[in-house]
Amino acid sequence: MTTTTERAATAPGRTYAILDAGRRVLATPTVGPFLALVLTMAFFSVKTDRFLQTENLSLVLQQTLVVGVLAIGQTLVILTAGIDLSVGTVMALGQILMTKLAVVGGVPALPSLLLGILTCLGLGVLNGGLVTLVRLPPFIVTLGTFNIAFALTHVVSNDVTFTGLPSTLLFFGRTFRIAGASVTYGVVFMLALYALAWFALRQTAWGRHVYAVGDNREAARLTGIHTGRILLSVYALAGLTSGLAAMLLVGRTEVGDPNAGQTTENLDSITAVVLGGTSLFGGRGTIVGTLIGALIVGIFRNGLTLIGVDVIYQYLVTGILVILAVSVDQLTHRRRA
Amino acid sequence: MSAAPILEARGLVKRYGHVVALRGADLELYPNEILAIIGDNGAGKSTLIKALSGALQPDEGEIRLDGESVHFRTPRDARGAGIETVYQDLAVAPALDIAANIFLGREARRRGVLGRILRMLDQGAMRREATRHFAELKIGVQSIAQPVEDLSGGQRQGVAVARAAAWARRLVIMDEPTAALGVKETGQVLDLIRRVRERGLPVILISHDMPNVFELADRIQIMRLGRRVAVVTPATHSMAEAVAIMTGATQVENDR
Amino acid sequence: MRHSLRGRPVRGRRSALTAALVLAVAAAMLATGASAGTSADRAAIKVGLITKDVTNPFFVKMRAGATAEAKKLGAQLLYAAGKNSSDNASQITAIENMVTAGVKGILITVADAKAENAAIAKARSAGVLVIALDSPTDPKTAVDALFATNNLNAGILIGKYARAVTKGQTVTIAMLDEHAGSSVGALRHNGFTQGFGIKNSDKQIVCVANGGGDTPDSQTAMENCLQKNPDIDVVYTINEPSAAGAWTALKNAGKTTSDVTIVSVDGGCAGVRNVKAGVIDATSQQYPLLMASKGVDAVVNYAKTGEKVSGYTDTGVNLITDHPTAGVPSKSVAYGLAHCWG
């Protein structure tokens, strides 16, 4: 209680509100990533005039589709101070199921999609259940699910790539024209998902509870929040977003690929979350930041190719950025009991 | 004390295996008073408080609220009965703002479709409410939208106290409210506790800080070895006498 | 204001670090920008090369060949690769970005025969010539042309060789392939069995495993095969790094080079040296440099004249061994060393 406000605090005066908002903006976790994004885009626009074309930007958005959607679920999990290492392979299983059912099983397109998504959701619920009921550490649980999904993908697909998909499955890869550029429905879907996630996190009690559980789990419990239900819900949602990412992947590649999700989709989703300013300790971060983080990686890859630089440098830069972002997080964050 | 007690506890017993934490502890809390509970480590203060706030269930004994017998199985039951607790470690989420913490677990939704179907929060209303509570309790902060982690220790305590005071209908329990604070902030929190009482909410507080207790409390309950051994007032006893009773140096008849 | 241990307000520290982060990004970009060399928008013809991974000497040689040819013709080479031999997602992204970068043609060794067809189709419809190197797509018409070793022939040659040196006896055969969806893998595997004169279901094949096309995974795969069947006479390996790994496992199991016949494909210098050392009995040598330089030629020609190359161009294969056997044409190790790559 400062001496300057000895009198009772009135409803925030306009000046206070503006100054305070300004200060808060500067200190928000999203500012750094946003500036990094702007700088990156400025840099590439200067280096080549191919970068800032609407077609190219649309392309970058398409290239961030899968990791972008996976990162939504990953954000929710990391906000509760957990982690989900299984998103990539769960997605792979989902897209194999969707395509195999449609191509080999003769199941109509929409039920195939639904079954694939539900399977991913189920694995997410499994993760959540093990974390909340059996109280296993998320790292271990999701590592286990990662392997299970990996194995199931190979068993179900028999290592066959499925082609000749019904056109409904390809919907999200189709484009429409807007403002002189061609945009895929998948991009629209991803942006809509981000908007939905933003609303849920910022404008509902559930969202607040997610932050509270990650910030101070004991406090959340003492105020009556069902911490178990919150945790279960975020892992389930991560499973759901894996399923949705699978659907978008199928639309983009037009095949069911048994080798999908095995390289770095898991780590890429975590990279996007971290670069976006979300703290691995939980309780702090924004969903918009995650989108920015995913875009930064995609823009680097795209831009470096456009200017003819070896794409290997993309990994170098991403690695340095991740370390810096996590350092910022570590050094500015102190856990309070 | 002509009025009937708001809260009564009779003969509470709590065992943890062979350890008996409460051996028939009693308590009365009257309207408009601040009752301090003091005692040495292991005297049973925290256990008694937990029984009253629903964090644990006593093995024997009875608790009455406004004369009616009550059984709290969970902290939520106690809250539902109008008893709010301020925990020693505050139980706030530092990354969330003040208003969000006040309403944590009990958020207000917008009316109509937005609230019922989209489950959208009424952040404006929550902020206004929180501001009003802070104003009544005369807690000074720059903005109700500040994250709690930006506040000083005393301000944070203010948030926890304001939260309890905002929701409590019958009484407030506080566990070591000034333990982590410096001198100036302690004074401010003591004022705050008085204002809670002025709002019509009696307060039970545990404290190790004798000077604070004697400055603040109307009555002081002294616990020793799991039961209440005396109830004194600052007017009738000195600090030294109270400490002597607390440690057993002075033997008293158990007071009812 | 929340204070850190050292007393400075945390908010101040956070903005300072944010600034540091942003400056680091700027610095990183300047550094990479500097290495980009001259402006990328000059009028040179751009050719894209995308390989399965960066480290396999086969692809290193391919890249070297493409780079040299591009330089000779005054074209600019853009290069990308997957993170491992099954990473098709990175290749798809690379195709898209190279098209935007303005390449006239893309040379690609596809990680998956089918999964990249959509991206390739988009590139072709944008007027980009797409030539598959080494690994065919499925269907073959997904690309404009294929410059490759006849991988089936490569397999047939070593299959025939293995049959000849084992003198028609009944033997136990282990086969180390790479990941599913690899067209090259399927062709060489089937070529071997065809050349050996057996079906894929023949009982002499006691173990078929995924050795990943690299040394450590193949060692593990071979060890597992040996657990099931300690007596292996013939080992087919998809490439020479795989053969090296298989040999380590066999050696550790107490086998000598005369106990086992190991055959492979590739003809890299390290592999040919292994043939000389007796570790590999025979290998089918292919010519990645030729694939790459012919590919660059084709793209530059297309850029200049609009003439598209099409169909299949066989870049040749030779069996390399120091123990030739009648009925199977081969060349000596000396020849192999003179024409090897890597």
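To keep things simple, chains are lettered A, B and C as they appear, and every chain counts its residues starting from 1.
By our rule, a residue touches a chain if its C-beta (ideal position, glycine included) is under 8 Å from a C-beta of that chain, and two chains touch if they have at least 3 such contacts.
Just so it is clear, the model here is predicted, and its values are computed rather than measured.
Chemist: Identify the chain whose mean C-alpha position lies nearest to the mean of all protein C-alpha atoms shown.
Modeler: Answer by centroid distance: A.
Chemist: Out of A-C and A-B, which chain pair has the most contact pairs?
Modeler: A-C
Chemist: If you average the CA atoms of chain B and of chain C, how many Å lie between those two points?
Modeler: Each chain reduced to its C-alpha mean, chain B and chain C end up 71 Å apart.
Chemist: Based only on mean CA positions, could you tell me how far chain A sits from chain C in angstrom?
Modeler: 32
Chemist: How many angstrom lie between the CA centroids of chain A and chain B, rounded to a whole number?
Modeler: Result: the chain centres lie 42 Å from each other.
Chemist: Can you list the chain C residues in contact with two or more other chains?
Modeler: Residues 2, 10-11 of chain C touch two or more partner chains.
Chemist: What are the residues of chain B that contact at least two other chains?
Modeler: Within chain B, residues 149, 152 contact more than one other chain.
Chemist: Residues of chain A that touch two or more other chains: which are they?
Modeler: none
Chemist: Could you please specify the touching residues of chain C with respect to chain A in the complex?
Modeler: Spelled out, the residues of chain C in touch with chain A are 2, 4, 10-11, 13-15, 17-18, 20-22, 24-26, 28-29, 32-33, 35-37, 40-41, 54, 76, 78-84, 86-90, 92-94, 96-98, 100-102, 111-119, 179-181.
Chemist: Going by the contact rule set out above, which residues of chain A touch chain C in the complex?
Modeler: Going by the criterion above, the answer is residues 23, 26-27, 31-32, 35-36, 39-40, 43, 47-50, 53, 55-56, 59, 62-63, 66, 159-161, 163, 173, 252-255, 257-260, 262-265, 301-302, 304-313, 316-317, 320-321, 324-325, 327-328, 331-332, 334.
Chemist: With touch defined as at the start, can you tell me which chain A residues reach chain B in the complex?
Modeler: Residue positions touching the partner: 1-2, 5-12, 16-17, 20, 24, 199, 203-206, 208-209, 211-212, 215-216, 218-220, 222-225, 283-284, 336-337.
Chemist: What does chain B use to touch chain A in their complex?
Modeler: 75-76, 79, 87, 89-96, 100, 104-107, 109, 118-121, 123, 128, 131, 134-136, 138-146, 149, 152, 154-155, 158, 185, 188
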